[in-house]
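In what follows, a structure is listed as structure tokens, so that the remarks can point back to it.
Note that the chains are named A, B, C, D and E in the order they appear, and that numbering of residues resets to 1 at the start of each chain.
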Amino acid sequence: MTSFAPLLVLDDIRKNYGAIEALKSISFTIGKGEVVALLGDNGAGKSTLVKIIAGGLEPTSGRMTFDGRDFLAKSPSEAKAAGIETVYQDLSLATNVDVVANFFMGREITRKVLGMSVLDEKAMEAVVAKALASAGTRIPSLRTKVEHLSGGQRQAIELNRFVHWGGKLVLLDEPFAALGVEQTRRGLEMIRAVANQGIGVVIITHIMQQAFQVADRIVVIRQGVVAGDVATKDTSPDAVVNMITGETLAAAGAAG
Amino acid sequence: MTSFAPLLVLDDIRKNYGAIEALKSISFTIGKGEVVALLGDNGAGKSTLVKIIAGGLEPTSGRMTFDGRDFLAKSPSEAKAAGIETVYQDLSLATNVDVVANFFMGREITRKVLGMSVLDEKAMEAVVAKALASAGTRIPSLRTKVEHLSGGQRQAIELNRFVHWGGKLVLLDEPFAALGVEQTRRGLEMIRAVANQGIGVVIITHIMQQAFQVADRIVVIRQGVVAGDVATKDTSPDAVVNMITGETLAAAGAAG
Amino acid sequence: MNPNTRRALEFVLDNLVWFMLLFVLLVFSIFVPNYFQPGIFANIIEASSVLGVMSIGLALVIIAGHMDLSVESVAALSAMAVGIVFCSAGIGMGVQLTPDWLGVPVSLLIALAVGSAIGAFNGLLIVKLKMNAFIVTLASYIWVRGVVLALSGGRSAQDLAPAIRWFGVQRLLGLPLTAWIAILCFVVFSLIMAKSRFGRHLIIIGGNQNAAFRAGIKVDRILITSFVLAGAIAALAGWLLAIRTSGATANLGMGLLFNAFAAVVIGGVSLKGGVGALPGVYAGVLLLSAINTAINLMGLPATSTQVIHGLLVLAAVLLDTLKLSIRQKLA
Amino acid sequence: MNPNTRRALEFVLDNLVWFMLLFVLLVFSIFVPNYFQPGIFANIIEASSVLGVMSIGLALVIIAGHMDLSVESVAALSAMAVGIVFCSAGIGMGVQLTPDWLGVPVSLLIALAVGSAIGAFNGLLIVKLKMNAFIVTLASYIWVRGVVLALSGGRSAQDLAPAIRWFGVQRLLGLPLTAWIAILCFVVFSLIMAKSRFGRHLIIIGGNQNAAFRAGIKVDRILITSFVLAGAIAALAGWLLAIRTSGATANLGMGLLFNAFAAVVIGGVSLKGGVGALPGVYAGVLLLSAINTAINLMGLPATSTQVIHGLLVLAAVLLDTLKLSIRQKLA
Amino acid sequence: QTKGKVYYLVPTLLDEFQTGSVSALEMFLKQVGYEMQTLNADNKTDVQQSQMNDVIALKPAAIILAAVDFNALKPSIEAAMAAGIPVVEFDRQITSTPSSFTSVAGTVEIGYVAAEVVEGLLTKKNGAVKGKVLQVLGDPGDPYTLDIQKGFEEKMAAYPDVKIISLPALGWAADAAGTIVNDQLLANPDIDLIFNHAAHLSVAAAASLEAAGKKPGDVLMLSSNGAPVGLDLIRKGWMQAEVEQPLYAQAAAVAMFMDKIVNKQEIKAGSYDVLGLPSTVTIEAWGPNIKIPGAAITMENIDNPAFWGNLKPPTDTVTSVE
């Protein structure tokens, strides 16, 4: 269905929370260098799916193939090792440390002093300053603790750190929800740039305009099932909204 | 400048966090029944201003007049008592209790049993069911704990509870950031309905479209100062974006 | 899994501590000689009254997201205060009231006043000065015990006035009245937690204090109230302790704190706040008391009982923790 | 406020506990007879070595967002283990190694093995079984002390091998080597916390464990390491304790836990996790030691020292808390 | 085949005297045909009360009680006696209610003996009973240490030239005693003598003296309870005396009378020979009471096997009193 070489294939993914079936049978494919917009109503199951791919949640059943191999991450660090970067809807920042420490969380740069690895604060600060400047986000000082930052400033840190690590697949769960106009524009550009490097991108958003601006393909989830999977150029915002709310039944491009 | 009777008048509000001046000299007016869109870049100071009005933060200097009287809420409960309802950017839900308990947080309905006030769970549940249905939000069960809900479902609870309490002024800090398309539409309708009852509304958003759809007036804050204050009908999205990013200097309608 | 099995399993999990209690009683009855007799069961319930009452207050502040390590010392101090006033031997002053029964309300009042005062002190420091509850009440744990010591000079008071002592002697359905007082406390506070606004707000504060504050709940007032309650309830426990001991000693009640925490946790209250209900706590208290009694009867070498006690408590907490992972498997 | 005043004030606030220490030393020197003499200051530093070392381990787990109440008992157990092997009187087996000095590494190894094992036990239960650290380590506090009792049969060991005891007798610049060991530990662990990835990750985990997990930090491994470290460091404290008392008794070290917590909090470590640095903790330890020494010299009635101790600690913590509100006023 | 089970309720096992009493009682009771079971109350009065309740439900042949608190156990004793179970008071005397038998050394008396020893030591050192004495108490909440202090200070009051500094080792902790000695050596460098209320406190005190550069005998030291570590310290010269509690004799006395106690036979007043020590039984208001005098242990008599601190249990078996 897509013209991209497949990167991640989801096959019949299900997830139950107790008696609640959050995902009923999700199957679709994300290609290399492809930007897929994952759309759906509140509670449709988008974040659940992202967490399953990112290793934060175990699916009840189903299988995934990543980069040609069977894949099931048992923890976020496994998924990261495989090349999957994730920006979560509920931010994942440690508000008790500063911007730099958050940006490099888990991947600190070190240098050798007397044979021991010592944090290289200067090198890290330089990287962060560059990344945030190019994203258009103004932050009083990179040494402020994140608890003193505004909602949008926080999201900017989380959104921009993923670019730095490359990887093969990027999952973005409502990454622009708190971003300003200019920051969103640059964010969308960045996504395209990332995809052009051959990295697959999954982006979740509720703003049609954003989806149509950046995505190659749109996948709609409704109440835990795929209610639509179409190339962006073959559909229109109104048609997609109808898929999301269910006014036309599983229309415009069959599921799977 | 506005055709509405003044409800809240902000006069030279300043706020410093240590050495950082988050608000430099904010003055503007919100009218009764008026919807004001408060726009601005990330870190401009919007949430800071909302918290000051809502009683969660003390201004460094400045004064406010609310409903004709001098006003400075020392705590959220004082602001609430004066008739100010707030929806915060970082949600304020207790994830360890269910939807109903969150909806009625601090305002539980009770009934008398043997002369003692006992929580009236049935009555509360009925109210919540109605409110969420009319907002178009589907939630598995009103007795689920909020920790088991999706981001949008959570925001729906917080957004919809304010309608229930009336009041005189409503402050909405990015209330639609996580909401779906349909829920956002209904939310915008609801805001108009609320304003039509004579309640003043301040809404913060980064989506121009939403601001232009619902607001009577647009106030732009840039780096802690008012960079624009115009009637919606007298301006355009592009002009406002320019005010936000500062490309035109404090253009389109002088500050104050 | 079929819905009926699921429901049955959920029921067992929700009331796991009661099932554990039954199981433990059964095992001990079978394997520990002399365990299975009404007198022993009455002992278990009686021995758990002081601990039970104390656990209620502790559970309240823990549910509210804080902690009170001072309850043990507060109980000791109120017991000592009652002992000094109403005991006729040792350091007791042997105050006589006429009529006799007046001693009951007066002694209760003394105890509750002491407890509430310390509770208020803790609460004010924690809420108004935003000090950490753990460290404030740890300090109180020390200095209040110090006051007991200073008051008593290390000596004890004996021979509590018979009118007060009556509650420990008089029996109803085989249990002394002190045990019934504990049971009554559990019923009352369980209802308050489940049905009243105060209880609801306490749980919400334990879940997200900031959200409660923003929602206009008078967080400070409720938190201070909960500390005062914890102090007052601990004082009631101390009053019961004085009755049980028929007086007071300087080191009365030492070690109750560990058991109270264990009971609260085994009873399903989360130390992170916001989660828990009191009936489970009572089951936790009974469970500990049953274990204690078994240790007394098992004939172990005395030097090893402490190890065994610690490990058994750990095992009980562990079982309670497994509940969570079973529940997740259920999903 | 002008920037210079602000900077000066911030500096004082950042190092408040050191200024408090100076102030307290000054006041005691003026008002407590015999306080002002070099020997007393040396005593303060020496007396704080055991507590200081123990506080380091405690601070690590608290910064990581957890807690370890078992450190006191772990220290006692390792002291007893060393005592039993290397003491020549009491229950000591009087093991003799040739050459003599071999006793030092071997005894250290024994102590560290004991401590790490218990730390690993705590860590596994807390991290792998997701049990609450407070309750797990409270149980360990009990059962480990029980093991001390069972091992010693309530008896004591004395006359530690002179090669080991040497660290307590030999002085450098007026301080015994034990004190230097404590100071060295503070320097090393301060550097680890400030400069290494491990330290950085520990702080991040204390701030938001979930974020750290999602960022791919091996949270489980780091947390277990921190519990093992806390155990091992407590064991080192126990080793120093054994040297200090030249042996071990069953109740050795009782009460250290309260002081360790107080030191950590006074030193600016938040019990909520994620905040704190070790140099402040050392100042906190010295402050407590200064207070203790003053109490020993003041000639108070024995029964009232505990009240005074509790309240003084509370006052110190209170002062530290005021820091926060002053800082907010500064804004 | 035993004559029955006897429960021994010991207040704590954190002290060598108490652990010693467990083994001594067990041994002697076995010799007269009883099996013994020990319950440790960890110095907690309420725990001991629960133990009494449970033990009463078991209906043993007798209960031997060494009360955590001298008198708080009174209601429990009454309950046991009412249930027909004889109660023996061991080591710690309870005078407020009748019991079947009492075997104690007398805590206040320990203070008296200690005072006599101090008189002697000070006279020898300073030529008269004068000087500075550091008294390291046990836990200030423990009546046991308070009684010793009372007895000691009562006798010493006769010597106004002796200055006594008293400080508590909270929780009987040895390290606390060490810190006290460290600080006091600086504050009062002229201390002549240290009196520790238990031998294990002396261990830490001696370590502190050594670290301060003192030699054995520079500062005189004694402690009370006659524990093995105390005897060791005397042999090494750090301590000059210990106040012995006749542990073996106390325990043996209980065993000797156990048949009479269990069978509720009359115990007659008079003199008895307990392990070679002349002892007197008197009939007091609280029942038959045997007193066995304690003694001071010094270098001269230290090897006497009758001292329990030598850990040489008497070889002669005890027999029941007819």
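Here, contacts are C-beta pairs under 8 Å (C-beta built on N, C-alpha and C of every residue); 3 or more make two chains touch, one makes a residue touch a chain.
In this text, all values refer to a predicted model and were calculated from it rather than measured experimentally.
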| item | value |
| --- | --- |
| Chains touching both subunit A and subunit C, listed by label | B, D |
| Chain whose mean Cα position lies farthest from subunit A | E |
| Whole-Å gap separating subunit B and subunit D, where each centre is the average of the chain's CA atoms | 49 |
| Centre-to-centre distance between subunit E and subunit A (centres being mean Cα positions), rounded to whole Å | 74 |
| For subunit B paired with subunit C, centre-to-centre distance based on mean C-alpha positions, whole Å | 44 |
| Subunit B and subunit E: spacing of chain centres that average the CA atoms, whole Å | 74 |
| Where subunit C touches two or more other chains at once, by residue number | 145, 149, 152-154, 303, 305-306 |
| Sequence positions of subunit E contacting 2 or more other chains | 13, 19, 140 |
| Sequence positions of subunit B contacting 2 or more other chains | 17 |
| Complex contacts: residues of subunit B adjacent to subunit C | 54, 56, 75-77, 80-81, 86, 88, 91-97, 101, 105-108, 110, 116-119 |
| Contact footprint of subunit D on subunit C as seen in their complex | 125, 129-132, 134-136, 138-147, 149-150, 152-154, 258, 261-262, 265, 270-272, 303-311, 313-314, 317-318, 321-322, 324-325 |
| In the complex with subunit E, residue positions of subunit C that touch it | 34, 37, 39-40, 43, 46-47, 50, 89-90, 145, 148-149, 152-156, 158-159, 241, 244-256, 292-293, 296-297, 299, 301-303, 305-306 |
| Parts of subunit E lying in touch with subunit C, wherever the complex brings them together | 10, 13, 19, 22, 37-40, 42-47, 49-51, 53-55, 57-58, 68-72, 74-75, 96, 139-143, 145-146 |
| In the complex with subunit D, residue positions of subunit E that touch it | 12-16, 18-19, 137, 140, 165-168, 170-176, 178-180, 182-184, 186-188, 200, 203-204, 206-207, 210-211, 227-229, 232-233, 236 |
